[in-house]
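Below you will find the structure I want to go over with you.
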Amino acid sequence: MIAFAEAFPLALVRPEAALTGGLLAILASDLSPGANARRLGPVLGIVSCAVAMWLACAAPVGNVGTMLAIDGVTTLARLLILPLTAFLLLGGMGERRHGNDTGAWSASVVAVGLGALIAAAAANFVALWLGLELVALAGYTLVAFRGGDRRSAEAGMKFVLFGGAVSAVMLFGISHVYGATGHLDFVGIGAAFASGAPVLAGFALLLAGAGIAYKLTLAPFHFFAPDVYQGSPAIAVATVSTLPKIAAAAALVRILMTAVPPSLLAPVTLGGAIAVLAAVSMLLASFTALVQRDAKRIVAFSGIGHGAAVVLAIGCLPSREAAAAAGFYLLTYVGSNAGALLCLSVLERARGSTSLADLAGSWRSQPWVSSLLCLFLLSLAGVPPLAGFLGKWGVLQQALAAGMAPGGSSAMVVAVLLFLLATAVSAWSYLLVVRAVVFAEPAAANERTQRREPVALATRVVLGVSTVATFGFGLWLDGLVALARML
Amino acid sequence: MPDISPDRLDGYLLVAGILFVAGVFAIISRRNAIGVLIGIELMLNAAALQFAAYGRFAPSAADPQGQTAAVFVVVVAAAEAAVALALFFAVYRTFRDVDLEATRELRS
Amino acid sequence: MGPLLACVLAPLLLAVACVAVPGLRAARWFALAGSLLTLGVGGFALADFAMRPGADFRLLESHAWSEAFGASFRFGVDGIGAAMLALSGLITAIATISAWSQERHPRAYHALVLVLLAAMNGVFTSLDLLLFYVSWEMVLLPMLPLVGVFGGDQRRYAAMKFFVYTLAGSVLMLAMLLGLWNATPAAGRTVVVPHVVVTAHADAATSTLHGLPIDLSHDGPKLVLVPRGFDLRHLALQAPHFETTNLLGVSLAAFGFLAVLLACLVKIPAVPLHTWLPHAHVQAPTAVSVLLAGVLLKLGVYGLYRVGVPLFPQQAFAWAPTLGVVGLVGILWGAWAALGQRDLKRLVAYSSVSHMGFCLLGLASGTVAGATGGMVQAVTHGLSSGLLFLLVGVVYDRAHHREVAGFGGLAKPMPVFAWILLLGALAGAGLPALAGFPGEFLVLAGAFTGRGAFPWLGGLATLSVVLSAAYLLWTVKRVAYGPLQHAEHATYRDLDGRERWALLPLVALLLAFGLWPAPIVDALRPACELLVQTLQGGRP
Amino acid sequence: MTVGTVSVLVWLLPLFAALVCTRLRSPGLAHGIAAVVMAIATALAATMAIAVVGGGTVTGPHATWLELGTFTLGVGTYIDAMAAVMALIVCALATGVLVFNAWYMHDDPQAARFPWQFCLFAAAMLGVVLSDNLFLSFCCWELVGLGSYLLIGFWFDKPAAAVDPTYQANKGAGARGVLEAQLSPAHAQLKAFVMNRVGDAGFLIGIGALLVAAVTLGRSGDVLGWQNLQEMAHYVANPTAMTIEQKGIWVTVSLCLTIAALGIFCGAIGKSAQFPLHTWLPDAMQGPTTASSIIHAATMVAAGVFLVARCYPLFPPEALAVVGWTGGITCLLAATIACVQWDLKAVLAYSTVSQLGLMFVGLGAGPAAGGKDAAIAHLFTHAFSKCLLFLCAGAVIHACAGHQDLARLGGLRKRMPVVAYVSLAALLALLGMPLFSGFVSKDAVLAAALGNAQSAGGLAWGPFVLACAGSLLTAAYMLRWWLRIFTGEERDHDLTHYAHDPSTGAKVVLLLLVPMTLSLPWTIGAWLPLPHGESHLPAMVTALVLLAVGGGFALWVFLLAPRGGRDVAAGLARSAAPLHAACGNLWGIDKAWDLLFTRGIGRVLAQVVAFFDLGGERRLEQLENAQERRASASVDGVVDGIAAGCAHLGAGSASLHAGRLGVYLAVAFAVVTVALLWGGLW
């Protein structure tokens, strides 16, 4: 027992443990007869998130063997993941009151959060892969949760097949990395690289990166996103479009910081390549979004673009400000994105779908939700003084600094310009939704377009929080500095 | 022509490689979801095989990292397959088909 | 909290109040209060500059924002800023009065107007480039629904075009901002201060320049250590270094000026980047058109005055002839396009294009007369175009259409309307003794006395004297004179009290500035002189 | 009270009157107040004139209007004999016209509007006359344009002549060539203003050229003041080598000044209705005759002459040649048209144009030949005679219930004797009959032109010859006008039956003005030193011969021949049909302008620009829906085209996102493979 405690310092992973406890509690409440799991589940989940949050704030720093590394990145990831999980549970509480399910929903959400925590803390490819798989498996269930709904089922199927394939590729890469370096932990791999590993290891690492790119919906591993987001319930989209991105970003940062030799990392080489990759994703996302006719598809493409922006920031490593910029970008993104999807969830219930045609004129029946939706979308577009602007600001500042630094790569500067182009184009795609929701007249004045869907208190709370965040972070320049200090 | 004697790594890698490529070919070419799932399984098992092989021939055979990973892979693959099949069933309930060409309501 | 911060914060708070208080009847009073506050502060500052002319910044105040980025909420106005602030207050007040009986969502409407006012004030009073940019972009947020929700049949197209076009135009400015920031070493940079700046801004008593310590005792070149940040005045001091900083093979200054230029030319709007304007104007409700023409278009000119030239004088100098040509093209193209319009609002919109061309030409001419004239033109155009849009709104209220051909002989049933329309048209046509004249004449004088090809540009610009008279007075003739077109027009009532109250200040100011422009010119001139010196200082 | 103060008072009193009258609803009261104020102004102007006549100049008060670093723009007065007398004439005629108008409009419901608009014009006109710098002149120059605009459009609600039954009933039978579709007060005022603006654009360029010259010469302060201009003018005499390097364009100061002179003259062409911008003046007759009498006959249209005279030092010989030729051409052209007009106001309008041309001929003669004084003298004499003629015309029109057709009027001498003989006096003055004022001035003009022609020779003869031809015709058509109206038997009884002389007040005005048409000391007398060079005698002889021939011919055709029962006029018209038609069609100039200005620039070009800007109305109807939106080769169309291009790119990539999982995976794996291979090669 003592030996185990020494081998496995639980103190470091209290938050994960707390969340695991919450997960088990929910499942237990599901089994226990009489207990209304649908009501109880979210509560348990939120409580466990709160506890975990509390523990995370006071968590010590260190390594759990070669498996997990609890450092600034992990802490930052925790502080993003845990509150977000709680809010997603709360949102689910509000949005799924009429679902006939048991606590499974809450369990899945908590599981996604747990997987994200593990992946974010992983210092070892196996741990990383397991964490991402947990995120994925729970995510599949969330996506396909709407029983008996064609689109939801199709979304789930596509999600699982695409995800499975990518994770297999990742695993294949990992195995070769292991074979080439004899290590599965990042530090070891980094050491091996430093002592001249075979070139095969580099390619293997690239394959292993596929899994992360997929979680960040980076081209060419983004294809699943539009279909899956369109098909699944908005509140599920809110989960699978935010938590995995945070986890993957944290993992990517750690891999680049530890497993990749700095010589290779310098913005000139790898950073430049990453920047180009990101720019391509952004352009693809922004332009493709222009012709979409469904709000959730547009959100999906926006997610692709924003994931790319995070990657652009990460491409500016090893400066810690770059990591902070990525973190802040994720913060602003998840705030606005979750808010937008929650609004869409309400409108989806009112109008039956989120196709722009069905959303037409919903401002008449639901002024507040619609206005907030537009607000969140404009924040995603990065219009000051909304939060999205400052996220962009941080990323662009890092990229441009990396580009203008003596010996910096002009690829970074080009990426910045392309980013700005993508910003303008994507703003247009967001306006497509605004146009439908606010400017357009309802197609026909029937009871569906007239109906005013009640908004649950829980939903209101979440919306209120994201609204505050959307306004509050907009001009909080020192937030970037604070995050950098945290790392 | 690699030497595929059982006490050399090359043979295992070759088999794993073949498995992986076959899996990739399957998921790209199959129209039936089950077929794609099988392809994925092939790829996963290729990875598992390599883990085991690399573990066996690793310089430090003392700590069985590779073999452990292989076991993890097998477990997770099973879980994945379970979830996948459940979802196929859900699709089948609504579409009466698991042909990927037939189940294409979600598109631009 | 100083007056300028109040001009930005108070409207925002009032806007929140409008939205937050359910069933609020007093929203319009809130809007009026916010605009009158702005008008008061701006008017006071303008009067101060008129009485004690100077190129310095007044009503300075600074509030901490971000130590690390060297950004802070710095406010301050020179003569130009004061004039613009007063204008935005006045026009917003008038727009509010003209929309006094707004039926559709009055609370939301007035809240949006207040947000717009706050954003505009932010642009006009900010001395911090980041704050400037934020306010600049923030203008778009309220305009989107103001056009898209409260507008006409094709409001969606107009609103989206306006938003995307202007956003695309200004998006490069973000890169410019960060480029400038990155171009400054973290420890700051010691620069030599040009003589004109020392004489204009250095404070001998405290031996400081823009709050930075400077040694004025010796006769040698004056040195000052400029910290990294977004203070416009500090950035301007580093202008030469931006020329030498490289960005993708071009100099940072070249890139930055291009970014600012693009943003401003779209906003002004300069031909051929102007086509969002007619749509926005035609679709927007009257009061919003008044705001758009009266204040928003000035943002572009102001941006060039405040950011483009001071930060990149060499580029500005090199670009000046091109800008002059662009201005001239705008003047003539706009005038001719206006001559060919059938829709009253679109006609006035194109007259705006033509008139704003004068601002550009005047600034580009690089003469005191031209620069001052351009700014005077910016102010007076705000008045005259506002007047014309209000009048178009008046006829639209009665006839529910804006086809010029559909009117005629309205002077019989609506004499007061006809007289004010004639006054507005004559002011727009630059008749002496009306406010349209001083700006136009000064710009022409500036162009004639400008360097290089500017005399010829000025010569061609005089064509607009004919064209403006033609399209404006022709419109007056077709709308107000001749026999009554339709019998029911005879029943139209003349301007009612509210309309008269909205028009009265404009009429009074058009006459006042026309007969006695000296005060406003005196208030604007020193700042413009400094600007011209900066521009000429950019001569390689 | 100094002359300067007086001059300011003279300037501001009418403005004051205008402000007061705007608030008055009663026509009588308004006219009364305005007349009284103008009378006071007249008295003040008289004192001013007495003070400066005999060649002194007074620089009145001067204030800086705007200060612009290198130069300033000022407001102030400057009085010399020319200005003082002109001011006196303006005030005196204005007073008279106001009194006359009180009768003329006694049954017009809108009469109350007349006085303030009229006083506004008077103030602006006095501004032009008294201003001490070119900038102020330009401002007031524009404002007289405003006054003219307002008064031409006095009856703004009248329909176009083409659709106006009363006009069709009353119009002169010979009103050919007039574009009736556009002949309405509303259009005439627009036409007048815009065509004046054409000239003013030139004026502005002239001012610009002066500014360039001033800046080049390093002058500062009120560079547009007369003082400064006179000092700069000596560069005209001796073209200095001083040049400015401007992007390879070398501009000499004297060139600048030449441009300035031509620009100022361009303004004069517009305001004084010289060829080719003369066509607005006949249309301006749509306004009240009383307004026309002073604005479009006596003073405003003469402002151009006045301004050129004011800037005379700036005019180099070549510019003066342009002035002379323009004047000569206009003089003859307008005269030919006047010969065949049947609308009694049209005849007077064209005769005004012709006489203005004569004045410019005088100006064109140059300082050596004393052209300036001659022209100004003719300006003065013409002001009185033409104003009187218009007032009489107004009386006739009023008496005949708005009928203006020379073909139907006639024999009014008995019914309205006062008007008849007053107009005869004015007529003779206009013709330049000895003992009448016109004789002296016209003779002076011709003398100057002749003198210039003799000294310069060659082309300089042109203006003189044209002027002579014009004078010849003037004698003919003016007599025709008078004879047609007042002599012979009544052609249309029920038209002229109720005709009668105007009211006492109006008659008093007419009679008071008659002495001014006589060649007596106080008319022109000692005010201006008229040229008495050796060219004086031949010029006088020429003038008398022309008068005798022209007048005699007219008397024969319109007085003697009809007694013999022969219609010589018709015979002449037949025999010289093409010429007659050309004159009747106003030489096609109006049509040409209509084609070029109204249709060409105003309609077609504008439509084209508008089309290339937004792509036409049909596109604008279908903007809302991207599918229906039609592509168009316009600026806006290009913008939408770019947007459509982006959408096409999006659609292209969207076709990859068509829900095919196989495609998704294939693309993903392909990219990965390519990346690996690329990495391998790299």
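By written order: A, B, C and D. Residues from 1 in each chain.
By our rule, a contact is a pair of C-beta atoms (placed from the backbone, for glycine too) under 8 Å apart; a residue touches a chain by one contact, two chains touch by 3 or more.
Please read these numbers as outputs of a predicted model, since none were measured by experiment.
**Student:** Using the contact definition given at the top, which chains are in touch with both chain A and chain C?
**Tutor:** Both chain A and chain C are touched by D, going by the contact rule given at the top.
**Student:** If I average the C-alpha coordinates per chain and also across every protein chain shown, which chain's average lies closest to the global one?
**Tutor:** It is chain C that sits nearest the middle.
**Student:** Does C-D or A-B have more contacting C-beta pairs?
**Tutor:** C-D
**Student:** Between chain C and chain D, what distance separates the C-alpha centroids? Give it in angstrom.
**Tutor:** Here chain C and chain D have centroids separated by 38 Å.
**Student:** Hey, how far is the Cα centre of chain B from the one of chain C, in Å?
**Tutor:** 65
**Student:** Between chain A and chain B, what is the gap in Å from one C-alpha centre to the other?
**Tutor:** Distance between chain centres: 26 Å.
**Student:** Quick one: chain B and chain D, Cα centre-to-centre, how many Å?
**Tutor:** Spacing between the chain centres: roughly 95 Å.
**Student:** Show the residues in chain D shared as contacts by 2 or more other chains, in ascending order.
**Tutor:** 643, 654, 657, 659, 661, 665, 669
**Student:** At least two partner chains per residue is the criterion; list those residues in chain B.
**Tutor:** As it turns out, chain B has residues touching two or more other chains at 27, 36, 104-108.
**Student:** If a residue has to touch 2 or more other chains to count, which residues of chain C qualify?
**Tutor:** 156, 164
**Student:** Would you mind giving me the full set of chain pairs in touch?
**Tutor:** Inter-chain contacts occur between A-B, A-C, A-D, B-D, C-D.
**Student:** Provide the residue numbers of chain A that touch chain D in the complex, in ascending order.
**Tutor:** 158, 161-162, 165-166, 169, 202-203, 206-207, 210, 219-221, 223-224, 226-227, 284, 287-292, 425, 428
**Student:** Could you list, by residue number, the parts of chain C that touch chain D in their complex?
**Tutor:** Residue list for chain C touching chain D: 153-154, 156-158, 161, 164-165, 271-272, 274-276, 278-279, 333, 336-342, 350, 367-369, 372, 409, 411-412, 426, 429, 431-433, 437-438, 442, 444-445, 447-449, 451-453, 455, 458-459, 462-463, 465-466, 469-471, 473-474, 477, 480-484, 517-518, 521-522, 525, 529.
**Student:** Using the touch definition up top, name the residues of chain C that touch chain A in the complex.
**Tutor:** That would be residues 65-69, 71, 133-134, 137-138, 140-141, 144-145, 148-149, 155-156, 159-160, 163-164, 167-168, 171-172, 174-175, 178-179, 181-183, 245, 247-248 of chain C.
**Student:** If we count contacts the way the header does, which residues on chain A are in touch with chain B in the complex?
**Tutor:** Result: residues 126, 129-130, 133, 137, 140-141, 144, 147-158, 160-161, 164-165, 167-169, 171-172, 174-176, 178-179, 182-184, 226-228, 230-231, 288, 291-292, 297 of chain A touch chain B.
**Student:** Could you list, by residue number, the parts of chain B that touch chain D in their complex?
**Tutor:** 24, 27-31, 36, 100-101, 104-108
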